[in-house]
Structure formats: structure tokens, C-alpha cells
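Just below sit the structures, each encoded as C-alpha cells.
The following pair of complexes shares a single chain, chain A, combined with chain B in the former and chain C in the latter.
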Partner chain A sequence: MTKKRFQLKNWAGWLLIVPGLAFHLYAVTVPAALGLYLPFTEWNGLDVPKFIGFDNFIEAFQDKIVGMALLNNVKWMLFWITVPIILAFFLAYLLTKVKKGQTAYQSIFFSTSIITVTVAGQIWFWLYNPFSGVNFYMDKVGLGFIEWPGLTIPSFSLVSVLIADMWRGFGGNVIWLLAAMSQNDKSLEEAARIDGAGRFRIIWNVILPQIRPTLVVVTMLTALGSFGAFEMVYVMTGGGPAHATETLSTYYYSLSTEGRRAGYGSAIALFQIFAALILIVFYGYLRKKKGWDV
Partner chain B sequence: MFKSVLHPVGKTLSVFALATVLILPACSSGDKESADQIKLKVPDAAIWGEESSALQVMYDLFEKDHPEVKLEQVTIADAQAESAALAAGQAPDLMLMDPSVAKERYKSNYIEPLDPYYEKYGWDKDMFKWAKNAYVENGKIIGVPWNYEGLVLVYNDTLFKEKGWKVPANYNDLMALVPKIMDEDIMPFAWGSSDNPGVDDWWVTSIVNSILGKEGTKQLFSGDKKWTDPEVVDGIQRYSDFWNAGYVTDKKSHAISQEDSNQLFLNGKAAMRLDGTWSLAADNEPDFDIGFAPFPSWKADGVPVIPLGVGGGLVINAKSAHKDEVAELLSYFFKDEVVQEMAMHGIPEPLQKDYSSMDLKPNVAKALNLISESEKAGLTGYVAWSYAPPSVVNILENDFASVYLKKTSVEDWLADIQAKKERDIADKRFFELDKY
Partner chain C sequence: MKFNWRHIPLAVISVFALFPMFLLFMNAFKKKSEISKNPLGLPKHWSFDNFSKAWEQGNYDVAYLNTLIITCLTVLFVCIVCGLAAYGMTFLKTPGSGWFLGYLFVSMSMPLGFIPIFFMSIKLNLINTHMGVIIPSVGGAFAFNVFLLRAFMLGIPKDLLEAAKVDGSSTFKTFLAIILPLAKPAFIVVAIFTTLGSWNEIFLSNAILQADTMKTVSVAYLNFTSKYGTNWGLMAAGGVMTVIPMVVLFLTMTKKFVHGLQEGGVKF
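What follows is the complex of A and B.
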């Protein structure tokens, strides 16, 4: 092996990664670097961005809608890492007990996940329609007292959109958790049962510790996804009514497009990155200090 | 043999050559022109369905006369995609855009001034001056206004005649009428904004135009009149009270779409709607007659005003290699066949034309007559989405629900609009309506 041969081999490696590297630079690195610069500019999306220092950040801290959107993102995350995951866990657990037709059940639970957000959003929008949806027919049969306000009362709008989003997306979590549970050591459950442990004790002390790595990953991905919440909100309410369902994503999208304030929109988008970083640091802490390794 | 082929250098060269073969064709221009044919990229004629069918008529007429030019129709999904295409130098040669967007893009040198073409073709011979001025920036004409549009009251004429109700002309009339409509278990107004909160701007436009009149609205949008002035505060407050009394879609307008609200009206569940002239050509067939009238003045005993505006305009890409050919294509926009097609769909070109000889749908003819009469009487105004400063429009189109849903006070909301107006004026982002 001569030195020349070694150099050629190195060149070969570089040449092989050139197309991918070039694409990454063009499509990821440069836009990401610009994304760090744009928050410090006034930019309408067309002109050359004008540097304005920290003005956008000062405005963002004074902007009530940013606060509402951030709070909605937090609510979105808290909902998604609790209700759908707990529901997915128990459904996955029940599925492990099903001896026949497990695949059929899995398909049923997962089926909503393959519906596009646009269609799912429209379905729920129709269901919530106060003049032709579920509430209208509940009223007709005298069950108006248990009707869900849907999008008619702003304080219920976010939960209503979340229910639609959960309906579409939680099937994926069921599959993840089911896959994890099917890898569990069944003899541990059996031993616990022989020792007299009840069903919930087995779930808490035997099943949960075994699937914890998967649960942590699912929760982390769900939490990260929550800070990018956009599609279902955009399809169903566009962030309204009166910003009741506004998230950081819908807000900076409307600022950057209709509002033609891409610089300010980028400053708000940075909040999302900070939120993601906090979550990643927290995940790192769990892995290192608590030994919650995957 | 295989060994020699698979030698490291040979392998590298093979991969590199393969990559080159794959990449190079992608880098080449996709719009090579043959030696004798020019290709122009133009907006998709089906962009708004039937409403934009006049574009197809224009293209067909042009292509028949100019076999040397090929028109390629392209679809640009939204303003953001258009911005990206402009920045990348890939935008169509001819584009459709709102006046405020066109002005921003002209300042960024993406739009070609059309003064020489206006002079050459005499496009403004029959054009309404106010419509042309919507596309004037720094003394340059930058577009051809596509259509004019107005806001009108649409009502169930059969029901009104049956009950002996008078079409309301002002706020007093309206407040006298709505309890009677409610007594019939019918909603006074059908309205929906969940799919497009921007339509709430129609109410604000109608309110301020009728309260302030033409001159006052000009001043409000670009002059000394303030959004915080008492008459504006009072008008918006009265709308909030009107909405909260359940007169507009039973206080649920934010939970249904525009189309849903249209269905409520067409199914007889609501007596009236606020609508735009562009929707009058729709082939709805309710089991009642539809009536049109200027929207009632929001002044207690005022006179109705029809706010008018330019719906959009055709502009030439400053980076186009064939500007003269695009201008020639634009001149076909003024052909009688195209003018008729536009009018038939309720989006008339802003030209002084005699529509009486055209075969228009009855609704469209009625609406055009209504606008024409109002214009003669000086009872037209300005729609906010065409003429208010962009930051003001952004609030009107995204945040009016905060007022009637009582998430903010009318005073605070209008103070925010006034602050945005002042900032836009300081940044010279506004229409100089005093020149209209």
C-alpha cells in the first residue's frame, strides 16, 4: 500500500460524498445559516434583508400573540404526551392479550394515520359544524345537553383541534408500543403473577420498565413534534378564532407569507428551536443521569 | 478483467461519470426554445375555475394570431411560491397579483414598468382612472388591473316580498328589520370565516366606507383620519354588539366556512349575506329569487355606499427575456371576447364599456347596473384589501374576530391598527389615495 494509493482512496471517498454533500450544503446548511441571520433583519421575503439588530426579538417579547402561540404549543405538547400516549399504551397492552385477529386490530387503529391531514381536518370540521354536524343531530334527538362545543367557543377550539389530531395520529404510537411490548420477557410477567401481583402492579412494575426506552423515544418525538404543530391547525382553523388555536408555526407562517415579514417570522421560529433544544437537553439528562438509555 | 474494472481509481471514475450523467441534464435549462419559437410562461387559466376562463380565451386568440409564440401555462400555488420563483429567476413571464404585492415586488425590481406599452397600445383609453392608479408606483404604471369588484347585500327577495320587508338602507332600517327576521326563526345574516378569516375585512370595509364616505375613507386609509376617531370606534363597537346579539350566524360565524354560510342562505336558513360581486355568476339555484342591494349604511340614517376595488392585475416579469411579446399578449386582454368573458363571470374589467349588448347572467347584469348607478351618484368607496396599507390589511384579515369574540377591546384593537398604519406610512408602504 503506497502513500499515493492511500491518497487516491481518500479522494474516492470524497468524490462519493460530493453529490450528497453539495445537496446538503444547498438545501440544508445554507438555509439553516440564513435562518440564524434572518431573525436579525427586516425582510419582506423578496428584497435584500436589512439588518436591524435585536428589534425583532424585542417586538416578539412584546407581541401578545407570540405568548398565546407559545402557550398553545405547550398545551399541545402536554396533551400529546399524556392523553394519546396513555391511550396508546393501554390499547397496545390490550392488543398483546388478543390472540386472534391482532393484525386486523392493528390495521384498524393505524388506519386513521394514513389519512392525509387535509382530509382528516375536513372530516372533523364537518363533524363540528354547528348547523349540520354531530351537535345539530344531537340537538334534534334531545341530547343537546351533552354536545361538545367544537369550534364555536374559542376556549374549546384548541382541544377540539387536538382531538382531531389525536384521532389521526395516535395509531402510530400504538404500533410502536405494541412492538416494544411484544419484545418483553413474558416469563417476568408470569413470575409476578405467580407471586400474586395484580394486573396494574404487573403493568407498573414489570411491563413499563421493560418498554421504558421505547416510551421515552415516543414521548420525546411526540413532544418535539408538538412544537412544530401546524398542519391540523392550519387546515381546521388557520390559527383562529381570535388566535385561540394559534401556534408558533401558524403564526410565523402567516407573518412570513400574508404579512410579508419573513425576518420577524424567523425570529419567532427561533423560539421553536430553543424549545426543541431544551427538550433534547432534558432527554440527554435522562439518558446520562437516570440511565434511561434506548 | 473485472479486477481491472473494479480498481479503486476506475471505480471512482465510474461513480463520478455516473453522477455527472445524472446531474448534468438536471442542471440544463428545461425551457430551451427551438430556433423559431418563443416560449412564454403564463398563469394557469384554470386557477380560479370558471372565473379565470377569460385567460384561456385571451391565450387562444393570441396563439391563433402568433404561431411563433408558444404559451406554457404554469400553476404557482401561492404568494410564497411566487416569491421563491421570482427570487430564483424562474417566475412566469406574465403574472397575476394584487396591487400591494405588485408594488412591493416592483420596489425589489421584479416587475417591469409598463408605461411604454400603455402608450403603444393605449390600454388606458377606456380604463377607470382609479383602477389604473392602483398599479401606479413612484409615477410608473406597473400592471394592468384585472377586474373591479364590490361588496353588496345579497338577500332572499322572495321572503322579503312575502313578509313585506323593506330592504334596509341604513343602520336604523337594519335594526328595525332584524328582530322581525329572528321572529321567523331565521338568521338575519349568514356568514362564515373559519376557512378564511380574511373575509371579516369585508364587514370593516363596508362599515368604514358607509360611516366616513368616499373622502373620509381615503383619509382613513392614507391620510389624516385616524382609526381611533370616535365614529370609527362607534361603528366597530356597534358591529361587535350586532354580532353578539346573534344577528350574524347565531354567533357562530367563526366556526363555519364561507361555503357553509352560503349554503345556510341558499337553504333559506338566513335572510341576507354580505357578498362580493365576483360570486354573483355562481350557478346557484335556490327555490327563491335572490335580490341585490348596496350594503346598508352603518350610519343610523345614512345612505348606502358600495366599496369598490381592484381584484388583481396582470404584470410583466422584469426578468422576462420576451417583454415585448408578453405586452403583445396583454393587449389581447382588451379584445371584446375577453372583456365579455370576464363580465359574464361577474368580474368585469375596469373599463368604460356598454354591457347592455352582452349576454350576461341576470344576477351579473343586475350587479353591474347597481354598481354603475352607485358610481354615477358618487356612492362608491374603497375596499380595504386593495387600498389600505398592508399591515392594516393584515390585522383586518387576521384579527377582527378578536373584537367580536371580545378577546380585546375595540379601542385597543383600533389603536393597534392606527399604530400599524403610521408605521406603514413612515415606511412609504401605502396607496396615495389623494391621487385617485
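What follows is the complex of A and C.
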């Protein structure tokens, strides 16, 4: 009798999970399975997907835009795992040393993230505008020689978009790193100072090792996100000029929404999943082989 | 008292963060002619013309309604389904929940399957419907929020539930009477971040909501900018109207936002 009731309770647990699981299946599991099958098909979303073997991959490897997009994603990652994270690290470090206004600074830094990306992109689009934005103002005060060419010149456009994206996203990192730092053992720092360690030595040898788990996770999530970079690019340049800011996501986005090419788009989306897998394996390696307790 | 030099770099970065938003708000109150003369300063004549014009030309009434429907339903569904699932996994000895958690964790690191979702929506006639955005948003947010709520629920003492069970409270009643009130801070965090995410979402919404009458404010603003791209005053006013609800939410709940992020950072 008791055993039967126990089992009944057991399965009641799944009844609570099932509603959410249904949403999850529709949004994550089924798309993941389809995402593995669709790359081998030609499909416009109307009839049944037609199996065509590896044709999409052959096309993708010959497609120059795919290469450019992948390279942009790598650049995007290299930028994001360095500049904003180092900036966030030092801001968090400075914040541990101020007594007043910690929360105020944190909310100011994070406030940019609440701005809808379409609006954030528009603000920066305007700032970069050669006739009305910052350049115009610089001209006025006689600094016209440092013209920022902004979005119109291919070699500058990716950096311009990245700066706008960093503006929008760096605040969360500051908050996370500060949360990790404020859990640090203060006495270690004190001891190092008494032993005569300089400021940078303390940062490198005392603070950094203590927040390494958080730092690794933040870097990891940032790198993962970089391969899905979409919103700011789509809003500011749409991938242009001449595909100079195209990322994998913006490319398969336009392939599927405008070109209705589900198969080919999915093949390109696989590159993104592949990059994610490499990063996850690397993360697992750090955890196991290096013994990083993350 | 000695001045702390660390406020200088912190203030510089604060200006970097706030200045673009300041520009947006200031330019929204300037006439077109004033912006070209005075792009970065305070408006000399405060005017609300841009707002009324943008409201009409951007179809903001319809867009606001769509956004409210999508955001409210997404938040509601997320809180219900994630709360129930987290409860089931934390307190009932559900068989296989360990494996399920592992699966959810893996699924979280995978990118959103945009193309399959988009083409599934075409097949299932979910294009230009609110549900076409709500269902994938809830499903996509499920794993993360279950983790967040579960982490919080683990801190609730089991004795309380045992006591409730002894008193004859049913599984569901225990959830409503004990878990929900105790886990309220976690639910609030989930709700505000889901609101923010849903309000600002464009990746799916832009593809699925194609008709002008179905667009959310964030997506509608894209259209608006491409139509009136040279009128900065109008654009700025539209932008302000797009972000103002989230700005107000943020200003009233700043502490919740910051603490929510801190907790999230510490937990992972």
C-alpha cells in the first residue's frame, strides 16, 4: 500500500514537468533534430523536404560569403572575449574599492542592456552618421581630422558595430565579475599587501585565481554568444556593406526568410552549432585536464 | 575626506554608457531644424510634436497592444511551466529528473534553431500570430529558468513540505501555499528578465510577425526607421516610445535587476 502510493507520487512529478516540456520540445528538441536533417535537403517550407545528400555542404564550402561570415564571427569572438571582458574586470575591480555608489554604478553600466536593440542600433547609426553625428560635432570644434568613417566603409564597419554592441552588453559582465570578486577572501589580499606585493601583482596572483571559475564561465558564454551574433548587425548594417559585417546568423537569416532556402540555411547554421561544440569540448578539457573547478 | 580617484574612470565609463541614451531623449524633443544645428545639446525649445507624429505614423497603438499581449502571455507561461517543473524536480522524487536536468543543461548551450522554428511556423500556420512567437519564446526560456528557480527552491527546507504533507495538503496545494510565497523573489527575477527579453526580442518576432498589424514595438521600430530614416527627431521620439516602458521598469526595480544578475552569476 505504502509502496504504491510512493510510486504514484513519483510519476506525479512528471505531470508537473510535462507542460513545460511540451514547450521545450517544440522550441528546442524538435528544431535540433530538424536542424540535423534539413542540411541534407532542399526545402522551401511548402511541400516535403527533398533529400539531396551533401550538395548543400558542397555549396557552402564554395560560397565566399560563408567564409567571410565565419571569419567575422571569429573576429567578433576575439573582440568580445578580450576588450569588454578586460574592461569589465577592471571596472569590477575598481568597484570593490569604492564604498559609495556601487549599486548606482552597476545599474548605470547595465542600463544600456535594457535598450531595445533596434533603438540602440539606431542611436549608434546616428552617431556614426558623417553628416549629423559625432563627426559633425568634431568638425565644429575643429577636430575634423579625426573622422570616424563608421558604417559605410567595409574595413571599419565591423569594428563600428562591435563598439555599439559592446556599449549595449558590457554591463552584465561587470555585475557578474563584481559578484564573484566580492565573495573573495579579503584577508589574502591584505596579507599580500603586507608582504609588499604591488597592485598589479595582487590582481594577477590573488584576485584573478579566486574569480577564475566565474571568469571562465563568463568568457565561455560570451564566446558561445559570439557565434550567434545577430541583432546588432542586422539592425545596423543588415550584413553590409558588401557582406563586410555578415555573420553566420545574419546570412542564414536572410537565406531562410527572403530566399526560403531552409536546407542551405540549415547547413550554414550547422557551422554555428559546430563552433559551439568545439567550445564546449574545450571547456570540458579545461575542467577535467586542467582541474579548473568551474 | 580624501577623494577616491577610482570614481574618475568609473564616471568616464558611466558617461560612455549614458550619453547615447541622453542623446536619444534630448533629440526626441527637438524640431528637425534644431537637430541639424545643435545635435548634441539640450533642446532650446521643448516640443512634443515628434511624439504625436511618431505615435501615428509608426502605428504605435497597434504595436503596443501586440507587445503587451506577447509579453504578458510569455511571462505568465514561463512562470507557470518553469515553476511547476522546478518544483517537480526539486521536491518530488521524480524518476529520471537527474538525467532530465543534464539534458536541459546541454540544450542551454545550443543556439536557437531559428530555421526549423521558422519553417515549422510556416507549416503550422503560425506566421503572423502571437502564439507563433510566444510558444518558442517560452520553450527557449524553459531550461534556463528551471535552473534558476530550482537553485532557489533547493534553499527551501524540506521539513516544511513534509509538514504540509502530513497535514494532508495535496501536491498542487503545497505548491501554491508554500513554494510560491517562499520562492517569490526568484519568480520576480524570472518575470522581470522574461519581460525584458520578450519586449526586446527581434530575432524570431521579425521573421514571424510580418504583417504591420501584428508587429511588436521593437520590430515595428525597424520598419519605422527604414521609412523615415532621415528625420532624426521623429526617429528619436519613436525610439523613446519603444524603450520607455522598459526604462520605467528598470528604474523602479533597479535593485531587483542587479541582485538578480548577481545571484545568477554566483549560482553558475
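Definition applied: the second predicted complex is superposed on the first by the 268 of 294 C-alpha atoms of A that agree within 3 Å, B and C clash if a C-alpha of one lies under 4 Å from a C-alpha of the other, contacts with A are read in each partner's own complex, and residues count from 1 in each chain.
As a convention for this text, a residue touches a chain if its C-beta (ideal position, glycine included) is under 8 Å from a C-beta of that chain, and two chains touch if they have at least 3 such contacts.
This is a predicted model, so every value here is computed, not measured.
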A:T214 contacts which: chain B (first), chain C (second), both, neither?
second
Between chain B (first) and chain C (second), which does A:S254 come into contact with in this model arrangement: first, second, both, or neither?
first
Considering only touches as defined above, state whether A:P154 meets chain B (first), chain C (second), both or neither.
first
Quick check on the superposed pair: does A:G196 touch chain B, chain C, both, or neither? Answer first, second, both or neither.
neither
According to the stated criteria, A:L127 is in contact with first (chain B), second (chain C), both, or neither; which is it?
second
Pick one for A:G53: touches chain B only (first), chain C only (second), both, or neither.
neither
Chain A: partner with more touched residues, chain B or chain C:
C
Touching A:A242, do we find chain B (first), chain C (second), both, or neither?
first
Overlap of the chain B and chain C footprints on chain A, residue-wise?
9, 11-12, 15-16, 19, 45-46, 132, 256-257
Of all residues in chain A, which touch chain B in the complex?
5, 8-9, 11-12, 15-16, 18-19, 44-47, 125, 128-132, 150-152, 154, 236-244, 254, 256-260
Which bits of chain C are touching chain A when the two form their complex?
4, 6-7, 9-10, 13-14, 16-18, 20-21, 23-24, 35-36, 39-40, 77, 80-82, 84-85, 87-89, 92-95, 97, 100, 104, 107, 109-120, 122-123, 135-140, 142-143, 146, 171, 196, 199-200, 202-203, 206-207, 217-219, 221-222, 225, 232, 235, 239, 242-243, 246-247, 249-250, 254-255, 257-258, 261-266, 268
Please name which positions on chain A make contact with chain C in the complex.
9-17, 19-21, 23-32, 34-35, 38, 43, 45-46, 87, 90-91, 94-95, 97-99, 101, 103, 105-112, 114-120, 122-124, 126-127, 132-134, 136-137, 167, 171-172, 175-180, 183, 214, 217-218, 224, 227-228, 230-231, 234-235, 249, 252-253, 256-257, 262, 265-266, 269, 272-273, 276, 280
Note: in the complex, chain B contacts chain A through residues 8-9, 11-12, 15-16, 19, 23, 78-80, 83, 86-87, 104-105, 107-108, 110, 193-198, 250-252, 254-257, 260, 264, 269, 390-391, 394, 397-399, 401-402, 405, 407
